Amino acid sequence: MSAEVKPDAGMSLCPLGTETPPERELVCIFGTGDLGRSLGQRLLQTGYRVVYGSRRPHSCGPLPQGAQVMSHTEAAQLAAVVIVCVHREHYDFMEATAPQLKGKVLVDVSNNSKKGLYPESNAEYLQSLVPAASVVKAFNTVSAWSFQNGLSDAHRQVYLCGDSVEAKQAVRELATRLGLSVLDRGSLSAAGEVEDFPLQLFPEWRLPLCLATGLTAFFFFYLVIRDVIYAYVVQDKDISFRIMVSLANKVFPIVSLIMLSLCYLPGVMAAFLQLYRGTKYRRFPDWLDRWMLCRKQLGLLALAFAFLHVLYTLLIPIRYAIKENRTTVLDTTTAWRTDSYYSMGILGFALYVLLGITSLPSVSNALSWREFSFVQSKLGHLTLLFCTLHTYLYGWNKFMRPSTYKWWTPPGYMLCLVVPSVVLVLKLLIVLPCVDRSLGRIRQGWERTGPEGEGTKPLMGGAQM
Amino acid sequence: MSAEVKPDAGMSLCPLGTETPPERELVCIFGTGDLGRSLGQRLLQTGYRVVYGSRRPHSCGPLPQGAQVMSHTEAAQLAAVVIVCVHREHYDFMEATAPQLKGKVLVDVSNNSKKGLYPESNAEYLQSLVPAASVVKAFNTVSAWSFQNGLSDAHRQVYLCGDSVEAKQAVRELATRLGLSVLDRGSLSAAGEVEDFPLQLFPEWRLPLCLATGLTAFFFFYLVIRDVIYAYVVQDKDISFRIMVSLANKVFPIVSLIMLSLCYLPGVMAAFLQLYRGTKYRRFPDWLDRWMLCRKQLGLLALAFAFLHVLYTLLIPIRYAIKENRTTVLDTTTAWRTDSYYSMGILGFALYVLLGITSLPSVSNALSWREFSFVQSKLGHLTLLFCTLHTYLYGWNKFMRPSTYKWWTPPGYMLCLVVPSVVLVLKLLIVLPCVDRSLGRIRQGWERTGPEGEGTKPLMGGAQM
Amino acid sequence: MSAEVKPDAGMSLCPLGTETPPERELVCIFGTGDLGRSLGQRLLQTGYRVVYGSRRPHSCGPLPQGAQVMSHTEAAQLAAVVIVCVHREHYDFMEATAPQLKGKVLVDVSNNSKKGLYPESNAEYLQSLVPAASVVKAFNTVSAWSFQNGLSDAHRQVYLCGDSVEAKQAVRELATRLGLSVLDRGSLSAAGEVEDFPLQLFPEWRLPLCLATGLTAFFFFYLVIRDVIYAYVVQDKDISFRIMVSLANKVFPIVSLIMLSLCYLPGVMAAFLQLYRGTKYRRFPDWLDRWMLCRKQLGLLALAFAFLHVLYTLLIPIRYAIKENRTTVLDTTTAWRTDSYYSMGILGFALYVLLGITSLPSVSNALSWREFSFVQSKLGHLTLLFCTLHTYLYGWNKFMRPSTYKWWTPPGYMLCLVVPSVVLVLKLLIVLPCVDRSLGRIRQGWERTGPEGEGTKPLMGGAQM
């Protein structure tokens, strides 16, 4: 290696206060904990100079090489941007530093351990303590661990909010240079929302999961009564052991099919609502909006249940090999029926899996809107059709047989056919040429009773059904 | 919360024309439809001021809080950047506004409902209407829905094109601040291409899908003749019901194996072409280039067919339990053969799935070139080897038996062994040390008959076979 | 199309030296190979002007339209940024060009074909040849192929390092405008590391793969001795053919369960270490750190083995249909046992798959820290519990039976139960309320013997167990 190689500029400890090249900005970090140290290390690596503010500058443990430590007030005076890596509970010391922080950009990175602990967000609280500074909420979605490990496949999304546009711009530049992807969430009043991001636990999955649990519980008890208790009462047989596998393998496909049809029902309903109203510019009712937003989760849960159904079904021949020699003479009709039944099931499941794969963020991001809506709408309805036919073929000629209706109740698979059949019939109506044409016009902005003078028709925004 | 918290700058309604802080740029949007409103909302949230231009400024429905509405000409005069959220059919009003748009950046966000509707792209048409403005095509891949829902896991990729570098730079900055990822596609003449992006429907899947359909159809009819019709004619048995499952389960693995080998054939052919030519600097023939570009799709379709084959196979014992008591005395050879046959199949399928997972965009992006090519080339050929052996073991001693060749035709699995065997033999030749060495030299830029004076050898660009 | 459409500025061949619009920067590329040409094409498309430096400017083959070619020295003088697309072996000509390169930004994009070929990195070698220039290492992770194909779903991550902050800033801007995502890796001394990125071959998979291979080999030989050799020696039966499927299907689940428990063992150990030490601020021993970093890989390999186990198991009834008529009279207890056994297996596998899906980069990036740790910790331990119960139910009453212990060795599944049982018991201890509370305090920064005066408690950095 040649002697001319310059010293490692990013790591050198330049004496502060003397002439340093103007391009190497100084950033101040309050707090020398995990996050403070990792963030400082990353800043140094990217070419910033870093100074730490600490209550006990002489005993704050190991810090990244190249950084300086001093008291909070000293450190605050040196930099234009101060990142506060301190728990909210200890923000009280900030009031004492307020004079030195006047006009500075204060970055609040804190998170709480629970939602709703405090009346206002941490960032707003900080702003109230140091009113003369411009507080920006940022970085709270990135962990110390991510900063240390190079961010290469970790969480890079940073949400920014604050009242000062200049302050936000400064933090945005800093974040971009650190290799993060920045999204502006507006004014500081949005800080509460941003602080809730790392705390949320699958909010969009809650409703679909409740629905799945409810349906599973209902059909489980329904089938326990119809199968196990009926056999015990009427035939005096104990088949309670069938609960574990046989019953589960009835409940899972039933719930799966209902969930899948519930995933496509709101789209059909929205279409009919638009047809009825004759415009697309009136908002859908709130419950329909919320329903449409959780279609993806409904579909993925339906896939999970279908997956369990497949595994349970394939296990049947392994279980207890009580296969008495059914050398049944196969008539061709039965053979065709059973084979169609199995084929529909397999093809339906394969399409299901395809839909699931297209729902993966990286795959759906690689699709154009038209491709995505083709897969989710065309192939989705085809999946529903296959799975519904699979269930109808399962029933076959049992629909008419009185012995099917034990205790005058229909079997589970008949109950579960109601919703998908409705969805498929409605969808069939929609794709009729005449209905399709007027729906298409409405979705392109045409209004049945709209004002006539409007020439500047708005653009369709990739409406996906 | 302290009283000093500044008012929400991003949402306040500043009176236009009075002194506003210089940093809050004003953006003008023509059109108050879905996209116009969503884009405006997002701009306001990010800290821009927004003014709408509308034909009927007093009756254009609800707009984002903080935005103003005025006539097109008034609005155009206020801002340097004008985003045109209007359908192309209504562009004619732009000519009237042309004087006010002189020197402005005009952003065309429009899409058409079909390809090839107009002779020139929408953006070029807009440029022709307002020649004194700098038209930039952008944002057409982002939907109103994405803008509203925070873009967090939606389509963020924006393609930019335009003739003015400054105008493009202005739009690039705007897009970046909105949290979008920008890719420059060159001059305005590329607008037609950019406008086709949201309309394309799996263009790269078309060829592989046609091939898969063709192969499936061919082998289906071939096997219908050999199995069903042969049985009907020669043995007078109706086994037409076997079409649904048994025949499908013969066609799927055959097509899968052929598609998989077609996925690796072009790489081998390219290598031999390079060896024959003695250089890597001559372009491959067009058909080979196109073939190589759809290898990923060929492989994924092959995986889909293999998946169906596995499902159909695992279903066999559940179907009609006509298992007569074959208490066959197993000789060890047969046991070894069948078990090897199944093992090869399972291992081949597991590797298949691994290849499929590595093809997911997020996974392949996390791999280095060397890792990617290791998986796709080494493991890929291993998969092909396992699946081919699986098929050979299936045939076993039937290759020599005359009864196999009904009507003098070979069974389907023998036909499908041709391509993979050729690929494997050719690949074997390539990995021979002597061939491998000279191929390696060629791929590093060495030329057999190249000029001798060239010292500045070019870099190899991660050629992946 | 209107006549006023401006000529395609990005592609026009402007005469160099005359007045060109100031905004169109000129970039010089040394070397006209694959990468040089692709990079040049991309630069031209993005609006840069490009000039090539070549040893033989008059016979360097086809170059992108709009670019100029001249000698190295001439080309170097024109641009502020020079990208060196030449193999390291040919760097010697750079010394001759050194005077013209004074003060320029030199971008080294080269890679080596192997690790450790040279004592210093290519970029440091280049810097030693041209000490008066500012060398920046960049673009070496992007291939010519990616540049040509629009980068839309290819590798976009660029690592940057260099000693001059201004030079890095210039290259960063260039890379950003090319649509790449930039990560600063510090000073030029990090170039060696950056150059190793494209050469690495699954470094983080090496340890888990070795472990998996070792465990597989051990249990394979253990079971061959206990099953095959025992049967041969004691019962004089040749059951060697069982190696292919039956034995494999014993080894795979054993290895899978051990790997899964090894994936959760370090987290439990770390918790106990923190409890013992009473602080989270002391570093874990190195082996524990390394172990924790490969948990993801351990888990994914465990999933792969579980997948093979499922496939092999589902194949059982298809294999040789030697199912003699076991019309066993099922007692309810046995039925409950076997069904629980299968249910646990299926549910465990389904959760396994769920864990695998959440490990996909695009899925885990879409999760918040709390969601990710919920899935990986809560659901992960549930998976381990299900799979362990599945194995216990498999053993059932064989634990007490002397005939189980052939040659006084326990069967494989008993051996493999040791580690998961230990992990589950330790985890159970940790979630006891009293232990959980003190662990929670420690993880929030509390120290048992810590100094009392420290008010500024550091932030917890999203510690995930």
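Which chain is which? They are A, B and C, in the order written, and residues in each are numbered from 1.
What we mean here is this: a contact is a pair of C-beta atoms (placed from the backbone, for glycine too) under 8 Å apart; a residue touches a chain by one contact, two chains touch by 3 or more.
The model shown is predicted, which means the values in this text are computed figures rather than measured ones.
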item: Topology of the chain contact graph, where touching chains are joined (line, ring, star, complete, other); value: complete
item: Equivalent interface positions on chain A and chain C, same or different at half; value: different
item: Chain centre separation (chain A, chain C; CA means) in Å; value: 23
item: Residues of chain A touching at least two other chains; value: 152-153, 157, 314, 317, 323, 325, 360-363, 365-366
item: Residues of chain A that touch chain B when the two form their complex; value: 119-120, 124-125, 127-129, 131-132, 152-153, 157, 163-166, 168-169, 172, 181-189, 281, 310, 313-314, 316-317, 323, 325-328, 330, 332, 334-336, 338-340, 342-343, 346-347, 349-350, 353-354, 360-363, 365-366, 368-371, 374, 444-445, 451, 453-464
item: In the complex with chain A, residue positions of chain B that touch it; value: 1-2, 4-11, 21, 23-24, 30-36, 38, 45-47, 54-56, 59, 61, 85-87, 89-90, 93, 109-111, 113, 141, 143-146, 150-157, 177-179, 197-202, 238, 240-242, 244-245, 248, 304, 307-308, 311-312, 314-315, 317-325, 360-363, 365-366
